[in-house]
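The structure follows.
Chain lettering (A, B, C and D) follows the sequence in which the chains are written, and residue indices restart at 1 in each chain.
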Amino acid sequence: MGNSFGHLFRITTWGESHGGAVGVVVDGCPPRLALSPDDIQVELDRRRPGQSRITTQRQEVDVCEILSGVFEGQTLGTSILILVHNTDAKSQHYAPFQHIYRPSHADYAYDAKYGIRNWQGGGRASARETIGRVAAGAIAKKLLRERYGTEVIAYVKQVQHLQAEVDPGTVTPEQVEANIARCPDAVCAEAMIERIDWARRQGDSLGGVVEAVARGVPAGWGMPVFDKLEADLAKGLMSLPASKGFEIGSGFAGITLTGSAHNDPFEMRDGQVHTRTNHSGGVQGGISIGEPLLMRVAFKPTATIAKEQETVTDDGEAATLAAKGRHDPCVLPRAVPMVEAMIALVLADHYLRQQGQCGVPSPAAEVRRGE
Amino acid sequence: MGNSFGHLFRITTWGESHGGAVGVVVDGCPPRLALSPDDIQVELDRRRPGQSRITTQRQEVDVCEILSGVFEGQTLGTSILILVHNTDAKSQHYAPFQHIYRPSHADYAYDAKYGIRNWQGGGRASARETIGRVAAGAIAKKLLRERYGTEVIAYVKQVQHLQAEVDPGTVTPEQVEANIARCPDAVCAEAMIERIDWARRQGDSLGGVVEAVARGVPAGWGMPVFDKLEADLAKGLMSLPASKGFEIGSGFAGITLTGSAHNDPFEMRDGQVHTRTNHSGGVQGGISIGEPLLMRVAFKPTATIAKEQETVTDDGEAATLAAKGRHDPCVLPRAVPMVEAMIALVLADHYLRQQGQCGVPSPAAEVRRGE
Amino acid sequence: MGNSFGHLFRITTWGESHGGAVGVVVDGCPPRLALSPDDIQVELDRRRPGQSRITTQRQEVDVCEILSGVFEGQTLGTSILILVHNTDAKSQHYAPFQHIYRPSHADYAYDAKYGIRNWQGGGRASARETIGRVAAGAIAKKLLRERYGTEVIAYVKQVQHLQAEVDPGTVTPEQVEANIARCPDAVCAEAMIERIDWARRQGDSLGGVVEAVARGVPAGWGMPVFDKLEADLAKGLMSLPASKGFEIGSGFAGITLTGSAHNDPFEMRDGQVHTRTNHSGGVQGGISIGEPLLMRVAFKPTATIAKEQETVTDDGEAATLAAKGRHDPCVLPRAVPMVEAMIALVLADHYLRQQGQCGVPSPAAEVRRGE
Amino acid sequence: MGNSFGHLFRITTWGESHGGAVGVVVDGCPPRLALSPDDIQVELDRRRPGQSRITTQRQEVDVCEILSGVFEGQTLGTSILILVHNTDAKSQHYAPFQHIYRPSHADYAYDAKYGIRNWQGGGRASARETIGRVAAGAIAKKLLRERYGTEVIAYVKQVQHLQAEVDPGTVTPEQVEANIARCPDAVCAEAMIERIDWARRQGDSLGGVVEAVARGVPAGWGMPVFDKLEADLAKGLMSLPASKGFEIGSGFAGITLTGSAHNDPFEMRDGQVHTRTNHSGGVQGGISIGEPLLMRVAFKPTATIAKEQETVTDDGEAATLAAKGRHDPCVLPRAVPMVEAMIALVLADHYLRQQGQCGVPSPAAEVRRGE
């Protein structure tokens, strides 16, 4: 258990890094959404290894197949199976690690939990697991875009000490894709790329922050008191490999403000209720209010490094280890599509949940927004 | 939907601030756990208003009743209903707010979502809703303590700019309860109290950070890939009123380290696998590894302030507002038992889930920990 | 776990027969449904003991309170708590049964499962548990009636060998309530009442069949392949105390027909697709087709009888037992509102689920039904 | 939504009859269960078309692949993906039905629900969907057999008017497989085969009853009050294509008994609590009591027949239809492995749920069974 996410738009992922394939089942997608493998492939290509000199040099093409749930180019409303075969799987690279626990990886944890692990390349704990998320997220993104014009855009905000300047209100997907760091601040992006390259040469790794904005989210999504929008976003994003922190709106920085400075005054703009500031990050009481959602996720430095490390074997013997596998010196650029996918999955789920309980458009929303 | 939390140890809360009562149903609690109202009341007393001069002066006694699921002092294994009647409910205080949206409260959000709201004191969005969580959390804490000796301890780590020095490895519940700030650093606690008192006199409010540790969590809890332990903790804690951020282990600060500095080397201690450092925060790959869980939650400054604020009415007219209700100038001290409750609920759920899928004690855990 | 039912319109029940109270939380009810305790009380009164000479003579008034989720006579969209205090609880009647397993009751089963049981009056396995179901079902019935004009009507179809003649297409609630047997066939009802009275005098009990029809269910409800409408109906009805069988449409009798006789030919009536016969019972492929749903539930004879029975004690000693408690010689008349409640709960859940995934009205339904 | 089944041992199926493939994800299977494709293939071979002269003559080989969750012959505890490619898919056979609703099929229902349907061979409503169930059921059967020695055996009890004599206490899998009718009563089996052959020649079809027994189920499985064992069994079995009725123990026939004849007296045998009769069908209060589970499922005559039928088109025009596709004149023999699969899935789920909440072996069970 634990391989499913969402309540109405619900995905179940499966697959190990060196098993036969990885993928996802999407259950609950509305019918009659135009969908082709291309819609999914474009996101998988943003996620795949080997896409630039600052990502792992593994060459995994990651071509997706849709094996169910789509008919003559449209979703059927039935469960959608998307599959990507594992190809560039050099499991012999991992043979030395069969009995050694790699520090800050999941090797020991899986052994302690299950009493067995697929030691080839991380098994289920490999970042390959996110292929299913990104594939499903591509569907969620398309659904949101077509039904609400909702845009979900993530980008690299920080790598180690390097912080970018980005305006979440205006940033575009093109700006994100304009460089291999996926940082819309071109100057900072250059510094990030240089820094990541430096880490790679050192056999070391770096962490950072991905920031994300969702624009065009209507008011009313989120299900208090436990399935608040920020709670489900936090869960989705903290379930990504290597994530260590999540914040929304003013986040950790907001705690130094007083309430009078932090509160977002309401005002009318274009006949609609809006807030003048957005310390709330687009969510109040767990429910979207029509302002952009703004959030950040902290990713730790990649656990796989070439430098020698101390550890123990599964027999409890001290050992040293130096990774031979090809790895990402910094997961941030490839994490961007993963973050977008998880946000889109949460939003798609809450769109359907709101439609389920309250109907759409919510009569409430219309009445209250002055129409 | 959205009022339930947990998969095997599952709670469902209900109640508005000024309805007849608030409470919780706990479904899935193991049978034959000794349980009395006193076990629950002690935690409710830590949460209740009016407990000190830096909390709201509302006097809510919050006496709990157990109406099902317990027989002759033991849990039956059936669903447990805990109820607290609403008493000190001065709904007339809220009459002026019937048509005005209080900034950074959930008033507008509930209206936009449901087309109706209980405008008396926040309704379902009131912090009174957490009574059910704290009551259920008291059961979870007891279960964990009796079965595993697990301790969950939270404390106020920061108020506005004031940061406490606390050793999560040794902090005790007594130290937390030693002062009304619930900050185990006595010197810092004094400053915090003074600062909160200052905010109260200003008619303003403050935010801060609650830090929490869970000691005695066995290796193997957590359900990859979505119900990772940190993901469920993030969801639970981000569902608390006023929380804006969550981090585990090294969190946001860890991103400036390189991987070689951040990775936690494994070593053997007392015949057990341990990590030398704990940047992981006790979780790797979404699974506990037997080290203490360490996490932090950011709480924004209380939205209710006495200072005058700009806002709009539900007719879309500009308006000004000054709260008359009694409120907390800083939610942090009362948030401490809420944080403990949510952590305990997540852990109890994962204890049962691990027992369900893998049996207990996990044969794996025994083999792998050198026995 | 196991005390919740439904996915979007979700109920959680709690309470033992001799604990403090019994009740239910309803989560997911749409907002702005007019709701008062009277809406619920009318159904509880149909369920309560002591309502006629052929039901148990226990006098339980079963007055309900709504403690949350309703404000100024309308649902808020938040969780609704309904509570009924236990009153006429003569637990001393049950003292002789503390260590004796009553045959075909749940005494032994609960002991085997939980290692503990509330031996006072059946505890959680008592039919008092259905109070929460009937209360929640009253809300579901009202919701369906107001939104779709859907009517759910159940009635006693058979008591032991006595079979009534009832036309499910035209039967009315008034006809059901016209006699204490809740059998709309007045002649058969007389015979049933006489037969039940005979069984009571014998210290024995009788079983029978409740038939139910749901009229005004739109096409499109049901979620293949597991949450088919008939599957969820079967689960809901087989979860009622004493139920031993479920069938829909032609049911067990239909198996003797050939396919050419059993298939329901489609035809157009009033510009709508209809079937000429209804062997399908209103469901095809797990989805409603706009025809009346027709189903039957078998209830075994009440397990509690006055006649002496052989059994064992919880120490494994042979024993004899003769019930002293007041009991129903036949559960059928009181099962009628329970059956209606479970059907309404399933339908309300699928109404919201269909609205969630496909929107309402389903564009499909409009297109395909020739509009 | 609706394509998942189970709470801890949870499956999600996907696939249309003429899409790329069909299959299942199994989430929650305990780790370290020996598992190979052969374990699954043997059950798929019992389900596949073309296996005998009384099943459809479609030749679908239905070879399964395990693409995740198994490593070196053992389950990993992670999600298991099983896939079967669609091969003998003559979609041109179905072209005439693109705009015609086949009576008592799901064509119209899917159109009404989703506004779109895969008209090639039934799409998601095809019995091919059960491949995923049978594959997952094979794992559940193996798990139960290895951990508890539990045996799940189903067989054809009745075809139209032909009723077999079978002793559920002693029937063996070999007896079931001894003839192509899967009826352990050899004499009756001959008559059934002849009758089915007759129906096939008539271009017509037959229904019947599958009976099933589960032996070796320990006391204590089942989760009152909604997830009672019989309720989950009913749901699982009523979700199978063509099923119209379910009963457990005495079922519909039991209603003519009085309570004194129906109650199952307890007695001690071999130091264990047993019941002398088994009208309860192995379940009391929704919980297994250690006696064999005994249940029956009614299957309607196959909807696909060669005889001409009246119906309408999706434009609302009257039409006649005669099936050209190859079909089963009676689904019963192939339904047998499906019934076993669903029962095994329910039992595996409840085994894990009981282990989750109460631990295993339940201390209760030991104490109370006189040990």
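FYI, contacts are C-beta pairs under 8 Å (C-beta built on N, C-alpha and C of every residue); 3 or more make two chains touch, one makes a residue touch a chain.
Everything numeric in this text was worked out from a predicted model, so none of it was measured.
Enquirer: Considering only chains that satisfy the touch condition with chain A, which of them also satisfy it with chain C?
Expert: B, D
Enquirer: For the pairs C-D and A-D, output the one whose chains share more C-beta pairs in contact.
Expert: So, comparing the two chain pairs, more contacts are at C-D.
Enquirer: If you average the CA atoms of chain B and of chain D, how many Å lie between those two points?
Expert: The separation of the two C-alpha centroids amounts to 44 Å.
Enquirer: Taking the mean of the C-alpha atoms as each chain's centre, how many Å separate chain C from chain D?
Expert: 25
Enquirer: Let me have the rounded angstrom distance from the C-alpha centre of chain A over to the C-alpha centre of chain D, please.
Expert: Averaging C-alpha atoms per chain gives centres 38 Å apart.
Enquirer: Quick one: which residues in chain C touch 2 or more of the other chains?
Expert: Residues 1-4, 7-8, 13, 28, 31-32, 77-78, 113-116, 124, 224, 353, 356-358, 363-364.
Enquirer: Where on chain B does chain A make contact in their complex?
Expert: Residues 1-5, 7, 13, 101, 103-106, 108-116, 124-125, 129, 158, 160-161, 199, 202, 204-209, 219-228, 230-239, 241, 243-252, 254-260, 262-268, 271, 273, 275-276, 279-281, 283-290, 298-305, 307, 309-312, 314-316, 318, 353-354, 356-358, 362-365, 367-370 of chain B touch chain A in their complex.
Enquirer: Under the stated contact criterion, what part of chain C meets chain B in this complex?
Expert: 1-4, 8, 10, 12-16, 19-23, 25, 27-28, 31-32, 65-71, 74, 76-81, 83, 113-118, 123-124
Enquirer: Taking the complex as given, what residues does chain D use to touch chain B?
Expert: So the residues of chain D in touch with chain B come to 7-8, 28, 30-32, 77-78, 224, 352-353, 355-360, 363-364.
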